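Multiple structures are listed underneath, in structure tokens.
Below, chain A partners chain B and then partners chain C, in two separate complexes.
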Partner chain A sequence: MSSSHKTGGTKALLRSHEFILFVVVVVEWIFFYFIGTSKNFSGHTVGFGTLDAQFDILRHSCEIGLLALVMTPIILTGGIDLSVGSVLGFAAIVFGKLWRDGHVPIPEAMLGALAVGACAGGLNAFLITWLRLPPLIVTLGTYSLFRGLAEAVTHGADTFTGFPDSFNFLGQERWLGMPAQLPVFVIVAIAVWLLVHRTTFGRSFRAIGYAPEGARYAGLPVERRIALVYVLAGVVAALAGIIYTARLGEAKADSGTGYELFAITAVVLGGTSIFGGSGSVHGTLLGVAAVAILKNGISLAHGPTEVADMLTGVLLILALTASIVPKILSKRPARVQTVPSTPQPSPTS
Partner chain B sequence: MKRILVLLLTAGLVLSGCGKSDTGSSADSSSAAPAASGAKKLTIGLLPKAKGNPYFVSVAKGAQKAADELGDTLIFDGPTNDDASKQNETVENWINSGVDVIAVAAEDKDSLSTPLRKAEAKGIKVVSFDADVLPDARSFFVNQATPQGIGYALMDKAAQLSGNTGEFAIITASLTAANQNEWRKYIEEDLAKNYPNMKEVDFRPGNDDKTTSQTVATELMSAHPNLKLIMAISSIAVPAAAEAVKQAGKIGTVNVIGLGLPNENKQYVHDGVTNCVILWNTGDLGYLTVQAADALVKGTLKPGDKTFKVGDKSYDIAGDKNDNILLGAPTVFDKSNIDQFDF
Partner chain C sequence: MKKYFRELSVAGALGVLLIALAIFAPAFYQGQPLLSLLTATAPKLVVACGMALIIIGRQIDISVGSQFAVSGACGALLLGHGQPVAVALPAAMLAGALMGAFNGALIAGLGLPSIVVTLATMVSFREALRWKRQGELINIGAAQWFGLGQGHGQWTIIIVALAVLLAVGCAMRYLAAGRFIYAVGTDAEAARLAGINPRLVTFLNFVLIGALTGLAAMMAAVQSPLVDPNAGVGLELLVIAAVVVGGVSISGGRGNLFGVFVGLLLLSCISPALTYLGVEAYWEKAIQGTIILLAVVADGWRSRKNKN
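Moving on, here comes the complex of A and B:
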């Protein structure tokens, strides 16, 4: 809990969900370090423990990480966005189409894709804030709509490839020793963290999620703030689409299928209450790390990767349990905003 | 405090316990791999399009047989559904975990070629099988069937069943389907060359749809009363044509053959509606792929070779760039052997 350092010093920090998740991530990392690292014939260390492997884990989780980052403020406001994976795919297709068929240069095609992402997020925001439709329903609709648009543009079969190496560099190569997409991810992570934790905007997200009516009475422009987080999600999902395209060297209509659920998993694993009102961006980053290490660790250890989803589920349940049990044991009345699995009391103020 | 620590430890233990029970076997294999450096045991990564697809499961069986014979460690891993990005991630993880050779069936040849080139740059050998990648991203493609092999096998079988004389019709996928048209070219080449008394009376699309294919088969039978055989060259059309023949009560009068999966056609083959389906033997494909992968690392298979020998069997190497290892003539799955295959 981000507020823990204010309320109770070390003890509260140790009891915070983020700290427990941090320990889980470390345990997970050490576990895969031991089972996933070995020496090959020529005596070189190979597997999980190598820097290359660590960097590739970052590379593989960059797009889901970006989606999880912008999903966090949405869930903080008590909303959800199921369409981010579809926006990723649609933006990738728009980018590929502009570049190949529209003969638009790469930078302009990127801007075009980001603009489409913003429009997609804008559509979600419009339906949610102006028409007051529930986010779950709205984004379930746009989830199909944007994926369908991507498939319609390509007739489900066309793919865009043959991008210049300078573009594929962004997804496939190293820049100053690190994966080229890492700086982008770090910048977005810092920006979202600052937005959520160091601005009045960020505090208003939690206030809205905790009690939307209360926030309204307090004079917060609730609709505008909510619209902001959905537009932001659209833009960053489009950015993830561009990075995904660069990583594969190809734009396809099915890019990012199912990524929205991985992103939501990471956010909830990171301690953000699915009912809104509480959570943190660093928790989300730990959530992304926990899932990414698990998935890639099994693969690097030559384990059965099909159990990764099952173990992700186990991890999610364990982490949520681990964060709630100390509070039960300490027999202190559970603070509402730190209990992700309990519904909020109705905000009758 | 203490209680929290205990909890954390418990959580950690449970977590590592879960991991262990599921990854135990792999931990053994990865630690065993670097043990003997004298008789070099290779680690081979075999990447299917989809891991649970019975087609690839049967490929993996043959691959495992070859790996056992060679003493190699085989890792069969990949997406659980046809997911190109998961294929790339698997290859990148294999590069990091230090496999010796990678064998792939590409979901998407352009995107998969990228990590494969990285693998080659790191000295990892690459072969493809079933679905090729770009030629510069692998050394050899283990080619399960040439269009000529398929076309000739189908036509020879059709002629044999019709006593080298009579009418037959073809149901294809769509009129523009590239593979099917390629096969048709060789079917008709074989027909013109070797079977002057056979006559192809119709060539109709079933649109890769069961209902349409079945309707087309029914129409073919009424339009051509002397029809002796229906040849279905799209896998969906084979059981559909068989169903049409069965419903028309023409079992024994009109034969069905085609290019299809044994599992989808078993019942019709046993009922005597479909005489046989023709396809490559997937187990042999996996076996040859692993043999080629192993030989490529050990240097017994080199670019430029004209043949590849496994035991006393010799496989031709052909193709534009002389880099396709040919599995050979397709296998005929009929009453006598179809139950031995599960894909």
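Moving on, here comes the complex of A and C:
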């Protein structure tokens, strides 16, 4: 899908999923620009259309964006990680605990949180690759486990606050005119894009997602490659936890609750097949933009926040349906011809 | 004996926990608190029966917590407007069945993965309810305990749950419909070639879990005079955990309702056991996660050994 414009020319580009999504994002942005922007009593422009609001959207979507970026290679391999939101919360708590109660300096506490993220991802990777357990149920278990550990450490009520300004700078201030966490996001985005689209690793993720057994026979170290994407997800989720803490100025046990939904929505919206095998990182970035503009646009237009979350779910179902319809249409004539000799596998399996 | 090793080992774990409680915390066995614990567990058992069928059929439904809240609110609103239980209960079950049918249509009809569909509907159903009700409590007035008084009401709820368990358990064992679910969960393609319609089985499975969730929501709603529209948060996790701990294979086709019953009892006893044994209750979620992981690791370990 990502390389379609190279082979098929301009026409294929215009029909590609990414281009359609790009148009949707632009339309969405223009829509909220008109309904979300207004003038206040002193004649200043307020709401969606201001530069401040745009920066705020970038700020708020940074953590979900990071999670969606690392969710992309996981879904490419045909897996899923429901635990990223919980890892985010647990890493934030570990960071706060190390700094306040362990009297560890900020940089070392950050490293500690990243290490915890790596271990959390490592636990997922170990259970999925070593015992060949389904990623869905493993990460459902760790989803509960890591959130539970965060609650156990904080006794459900304790929060860590009072971080130095130099740390909160990362989440709340501007650096060279842009939100300070934006460079971090851009670096991770470029790194993941290069990993998925410009290395043999990226190719192997698709191969594994498309046909795991085939990838094994082709000599790919399937287990190690799968382990890599889950550990990567753990580390980046911890990084997102640190940025989340800096943005709010406090670390609490419910940090990032439900973020896995937004990350998965962004990835699927971005054109990555939920069954693995095809997709792109730039598609995911557009998916993040679509989710973030919807979420922040509605709240800046003073709409109810519940509607934004509700629509995200609806958007996910629509994106899934849209991705499956061409498959059903293209399968139908083939099925009529091949039924006598080779029956098609049933889609419910 | 060997065939039911998995179920019996869970029953053994439950036995050990109960004996440990009898020795170290005899206060656990006081009549009224124990009856309250069973009453609180009864609705979860009904949802777990539905979830067992879903997982045996090789699907998953993580939207049950939201279905629980929505159908509970529907039933409670009718009760609050003075409708009798005979109207509110079928209405709640219908609301659940409709939500289940929505999931089922997307999953069985379009072939979308159940985990992502129900993840989306989990959020959409709950947020729609929040938007509509803004978290307002619903007063059901005299309909509490079905209007029976606490003692009789509690027993009614427990008996209804056990009746559902027995009915679903027998259906899975003795009815062709039950065997169809095992067949579809083991190998949908083989089931199709054998003349079963796997899509229809999956669709009806989701309708059934919706209706059972509606029933469970009413069983929970009548336990207090004010119904919380935020009920059922995290219910899906507890129920899936109970089903998996009870020996139902997450990859479908294996498990029975007795195991689910024992698994749910084991998980339900943990929280009060923690309190009685003096462990902080904050550990509950972490312990639940660990138990899910232990159960799947045990299953994975066994299938790995069988393969070699």
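Here, the second predicted complex is superposed on the first by the 312 of 349 C-alpha atoms of A that agree within 3 Å, B and C clash if a C-alpha of one lies under 4 Å from a C-alpha of the other, contacts with A are read in each partner's own complex, and residues count from 1 in each chain.
Just so we're on the same page, contacts are C-beta pairs under 8 Å (C-beta built on N, C-alpha and C of every residue); 3 or more make two chains touch, one makes a residue touch a chain.
Computed from a predicted model, the values in this text were never measured in an experiment.
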item	value
Chain B versus chain C as contact partner of A:133, first or second or both or neither	second
Partner chain in contact with A:141 - chain B first, chain C second, else both or neither	second
Touched partner set for A:44, first chain B, second chain C, both or neither	first
Which superposed partner A:151 touches (first chain B, second chain C, both, neither)	second
First (chain B), second (chain C), both or neither touched by A:77	neither
Which of chain B and chain C A:159 touches, first, second, both or neither	first
Contacts of A:261 with chain B and chain C, given as first, second, both or neither	second
Which superposed partner A:275 touches (first chain B, second chain C, both, neither)	second
First (chain B), second (chain C), both or neither touched by A:20	first
Chain A positions touched by chain B in one structure and by chain C in the second	304, 306-307, 314
Of all residues in chain A, those that touch chain B in their complex	11, 14-15, 20, 23-24, 27-28, 31-32, 35-36, 38-41, 44, 46-48, 50, 52-53, 56, 59-60, 159, 161-162, 168, 172, 244, 247-250, 252, 255, 257, 296, 298-307, 311, 314-315, 318, 322, 325-326, 329-330
Complex contact set, residues of chain C against chain A	58, 60, 106-108, 110-113, 115-117, 119-124, 127-128, 130-131, 184, 187-189, 192-193, 198-199, 202, 237, 240-241, 244, 250-251, 280, 282-290, 292-293, 296-297, 299-301, 304
Residue ranges of chain B touching chain A (in the complex, touch as defined)	1, 3-4, 7-8, 11-12, 14-16, 18-20, 22-23, 26-27, 29-31, 33-34, 37, 40, 43, 51-52, 75, 77, 80, 83-85, 88-90, 92-93, 95-98, 108, 110-111, 113-114, 118
Residue ranges of chain A touching chain C (in the complex, touch as defined)	80, 127, 131-134, 136-138, 140-149, 151-152, 154-156, 258, 261, 264-265, 268, 274-275, 304, 306-307, 309-310, 312-314, 316-317, 320-321, 324, 328, 343, 345-349
